[in-house]
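Look at the two complexes coming up: subunit A is in both, with subunit B in one and subunit C in the other.
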Partner chain A sequence: MSTRTAPMRINPGRFVVFATLAFAVCFYGIPLLWLFIAGTRSESSLLTQSPFALGDWDSFARTWTNLTTYNNFQILTWTVNSLIYVVGGVLLSLIACIPAGYALAASEFPGRRLVLIFTLIAMITPSTAVVLPIFLELNMLGLSNTYAGLILASGFFPFGVYLTYVYFSTSLPKGVMDSARVDGANRFQLFSRIALPLARPIIALVAFFSFLGIWSNYFLAFVLLSDDKLYNLPVGLTALVSGSGALSNLPSNDVPIKKPEVVLAAILVVLPVLLIFMAAQRFVRSGMLSGAEKG
Partner chain B sequence: MASDVRAAASDRVRRARQKARRDTRMSYLLLAPYLILLLMFGLFPIAYAFGLSFFDTIEMVFWGFTNYQFVFDDFRVPASVVNVLAFVAIWVTLTMIGVAMLSLMLDSINRKTANTLRTIYFLPGAVTSSAIVVLWLFVLDPSVSPFQPVLHTLGWGTRADVISGIGLAGVFAIMAYFSASGGWIVVFGGALSSLPTEVMEAARIDGANRFQLATRIKLPMIWRSLVLMGILSFAGGLQLFVEPQLMGLAGPQFAQNDWSLNQMAFQYAFRMGDFGASAALSTLLVGASIVIALVIVFATKFYKID
Partner chain C sequence: MVEARISYPPPLTLWDRINPVRMIGELSETRYWMYLLLIPSALLITAVVIYPTLYGMQMSFREMRLNRPDLGTGWVGLKHYQRMLTDPIFWVSLRNTAVWVTSAIALEFLIGLIAALALNRNLPGSKVLAVLILLPYFLPNVVAGHMWALMLDPRLGVINDLLVKIGWLEGYKAWFADPSTAMAAAIVVEAWHSFPFFTLLILAGLKGIPSDLYKAADIDGAGPFAQLRLITLPMLKTIIAAAVILRVIGLVNSPDLLLILTSGGPGRSTQVLSLYAFQTAYKDFNFGYAGALSVVMFILLMGFAWAYVRLSKVNED
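Let's look at the complex of A and B:
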């Protein structure tokens, strides 16, 4: 009997590999799965039922109404603000990064190496390191607590310049550039007629990374913005939690923001990035180690 | 004759020089928007904070190193140095070991499964900044946590038990690892799959098993990139702010307002209104980051300059 079925080889090494990978699936997957299920459940369901009990439409609808109408539709204001910061910041970073990356890749000029070195240093320095200095500066200029201040600061994106520089260094057709040059095209025409049409992939890549950074920017927004009408979603989320005490397990108050509402607000912060991630996973691969030598 | 030739030559030289000057001007025109931002949000703030750090910003008088003295004398600063170093040690270790191990394991199983798992590991990257903390305050609360059975098994009945059981540095490291490691696993997935197949074949023919292949061949080949990841994580970790700052969302008894160095710099500016002290501490923090960046740029060849 037992000889007929293929011998079941229990290889301890393979077992360890699959056990570890499965453990990691739980670690990364379960909190995220829980978050999206919890958005459909009521406060009492969260506290008394099993962690993965499904909610129902009624609780979700009630949670949604509580969250959106709270404080005169505050969360909608924050969502709109987030969109303003993202659109403004991404556009500004593209306007700055694409021509700059092109100029660094396609031409020789005095000071080029210096600009490249500054760009690398600015790119490797964590952006959080400069948040307080930027606040001190914008405060002096009277630009803290304004849309413009945050948009300008988030338009500075040295990583985007470096990505564009690497992209154009390898993808510009030298022959076409040279003959256009001979035909009397100046540098600007070379940029607008030859480089820009080729730039679609790099524009998408820079916009992707710039979007991620700006959408989830908490520290800079938190420091710069003191008026809650100007908050973006990540700062708004924390204002919602600290204003309602929804996470503190203290005796309940009559603020309609409870755990389910907080979960739903967190989903609002996470969902756009999640959708873009699913659509563009390969971007991360090509971007994050771009230019770094392998091995 | 000779003078004609010379005139023509010098004319050519002049024209070439003119053209070079025009080209340089055009290059700077293309760079202009970026250079303005680099000046405004890279160089100037750092220089401004550096300058400010030597002033009594309340009276606006120069007082040398007094702000630095003040920062070093604040008993909370050494404590936050210890905190941040503990966090960085745990986080960098977790990241290096976790990312290397999972990437190598994924590279040894069939491609389709590996891609699915990689996507699952990667998705928490969408949970960033304040959302990480809010999510993990739920996950670490045994009354609602999806890991409820595990937390109860470990004998933790309340969120306070869980946090003191793991330790704050560990809690922040887990939060940061949860969100940041998946992207690296995707990157190393790409790097591993592009390693030369001849080497793998040769090793396999020589009788290397999968474990030896992973530890003796693949690991050394990705080692340099792993180190770069470690250094970048170290630099980022020194700037820790959001995770400790938002612990207070769980209630006043959880608040950690002066746990990290960046929080101290924030406290000086916003709670005490002392911009000079804030600038002094920020200058030290930025300085550390820039030193690390200079080492990466000049002592390694990770990023191409030319």
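Let's look at the complex of A and C:
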């Protein structure tokens, strides 16, 4: 914590600080507030009433029915798909990250520096540069337009390797591990019995970040999936918008997806993220700060 | 070495030799146990980073048009790269990429710095504010994009409404339909979405500056701006550089937001390299040329990646 404390009176400095924070909160709060309010309103209310007029329960219920029943409950399929991608991808990234981070932190071995550098390079490899070859690779393996294909492509999270490495290099109890070794534990028992139980916070952090990346994944999913039954929510949302013309202000058509439905779909995409972020913000912030200080 | 005490282990059966559990147990007692733990990530990194990168590079030297199988997939040498030199769209995209990346990052850095300095004062409520400020960074790109598309909408847009009310605008404006405002509007959306990244990193850096420096500066009579210029910014140099490099890489890489907001239009006014490569592949089905564009981007970014690796000092520990 900073040790600089401002005196408790109104001075220009404090005013500037408060003004800045107030601005930042408006800058964020107003758009988000608008988004959530807009979900409760009808199309005509959006067009004619003031931007922050509250809708009513009836129009919200109608919007909800329009959205969920559209195209044979399509949005529910996409939600289930998103869940499948997230669970598969997060598991895969944990299986890859945690042991690798442990190996890097717990031992010196030939090639260790190389692995670390590779991890950093993988962290920053341009996704657009690899997305076309990945598309062709998955085609070749017969995995294009499958759940497994997108899970494989999105399940590697090099930043997680790095976070785990940073975490283990400061938190492994060398003494306990040495005595366990003397007592005859092999290396993998050390990993599974001592390191893994200790690693709960970092497992949660890596899972959180990879959840976030995969849940919000748009570009990769957009490129790799062409079957709309396999879309995840972000791609589905975009398909909904462009397919219904809800945002293009064309003369009205009979597709029931209008602006309120689009807003509601957007809320559906964002709500799990917000809830999980709220639940996890404490350790996420401290975890990110420690990562930032180290790197 | 005591010769008389050598005892021979029982001969291995075939199952013993190939039993994976036994092999892992044995390997775990050798010097090379750590490589086993690296296998899952090594396989994945090969499948989704190394192989695709190399494949993309060789693709850029080949003819590869999915809609013209008659042309085959023979080697064409530097043909794609030569075409790039005289391709006006490539140069427009390169210029747009530069504008997009530098202005968005400058804006994000400025807002991020101010917010971090404000949060660092530890005023009542600043913890709650820190969480609130961080939150939108975790909004999916797609949602941020559609939300702003709605808010900047020429008919129902909240932003238009506000600007008209305070008298900055004569009438509602279609921000993304006008080539002269589309890029600026997209940059505002991007800055809105990503400045917390800077806030977070700068805040972490601020906590690490010894307060003695500020006390000494106070005694010497240095004002807040002099302190910012002479103490805070120089002490944060490394963290700012790292944040800028990571954002450059992120922005050059991800066409998501522009894909949703404008698809590069109107005209070519928001066409950036990543978008151009993507459209070359999926609209023109010219994977060879798209590969060459990606390689150029890759090389540009590797410069930044190299700078980042140097900064984070991996090669020193």
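In this section, the second predicted complex is superposed on the first by the 263 of 295 C-alpha atoms of A that agree within 3 Å, B and C clash if a C-alpha of one lies under 4 Å from a C-alpha of the other, contacts with A are read in each partner's own complex, and residues count from 1 in each chain.
Everything below uses one rule, namely that a contact is a pair of C-beta atoms (placed from the backbone, for glycine too) under 8 Å apart; a residue touches a chain by one contact, two chains touch by 3 or more.
Note that the coordinates shown come from a computational prediction; the quantities given were computed from them, not determined experimentally.
Overlaying the two complexes via subunit A brings subunit B and subunit C into a clash. Judged by the touch definition given at the top, the superposed model places A:R181 against neither subunit B nor subunit C.
After overlaying the two complexes on the shared chain, residue contacts for A:L33 are found with subunit B alone; subunit C is out of touch.
In the superposition on chain A, contact of A:V166 is made with subunit B only, not with subunit C. In the superposition on chain A, A:R193 makes contact with neither subunit B nor subunit C. For the contact definition in use here, the residues of subunit A common to its subunit B contact set and its subunit C contact set are 13, 17-18, 20-21, 24-25, 27-32, 34-35, 38, 46-47, 51, 92, 95-97, 99-100, 102-103, 107, 109, 113, 115-122, 124-126, 128-134, 136-137, 152-153, 155-156, 158, 161, 186-188, 191, 212, 216, 218-219, 223, 234, 237-238, 241, 247, 249, 259, 262-263, 266, 269-270, 273-274, 277, 281, 285, 288-289, 292-293, 295. By the touch criterion stated above, subunit C contacts subunit A in their complex at residues 24-25, 28-29, 31-35, 37-38, 40-42, 44-45, 47-49, 51-53, 55-56, 59, 111, 114-115, 117-123, 126, 129-136, 138-143, 146-151, 153-156, 158, 161-162, 192, 200-201, 203-208, 211, 214, 224, 239, 242, 246, 249, 252-256, 259-260, 274, 277-278, 281-282, 287, 290-291, 294-295, 297-298, 301, 304-305, 308-309, 312, 314-315. Of all residues in subunit A, those touching subunit B in their complex are 13, 17-18, 20-21, 24-25, 27-35, 38, 46-47, 51-52, 92, 95-97, 99-100, 102-104, 107, 109-110, 112-113, 115-122, 124-126, 128-137, 140, 152-153, 155-156, 158, 161-162, 166, 169, 186-188, 191, 212, 216-219, 223, 234-235, 237-238, 241-242, 245, 247-250, 259, 262-263, 266, 269-271, 273-274, 277-278, 281, 284-286, 288-289, 291-295.
On the subunit A side of its complex with subunit C, the touching residues are 1-6, 13-14, 16-18, 20-21, 24-25, 27-32, 34-35, 38, 46-47, 50-51, 92, 95-97, 99-100, 102-103, 106-107, 109, 113, 115-122, 124-134, 136-137, 152-153, 155-156, 158, 161, 186-188, 191, 212, 215-216, 218-219, 222-223, 234, 237-238, 241, 247, 249, 259, 262-263, 266, 269-270, 273-274, 277, 281, 285, 288-289, 292-293, 295. Every residue of subunit B that touches subunit A in the complex is listed here, in rising order: 22-24, 26-31, 33-35, 37-38, 40-46, 48-49, 52, 101-102, 105-106, 108-109, 117, 119-131, 134-139, 141, 143-148, 159, 178, 182-184, 186-187, 189-191, 194-195, 209-211, 220-225, 228, 232, 235-236, 238-239, 241-242, 246, 248-252, 262, 265-266, 269-270, 275, 278-279, 282-283, 285-286, 289-290, 292-294, 296-297, 301-306.
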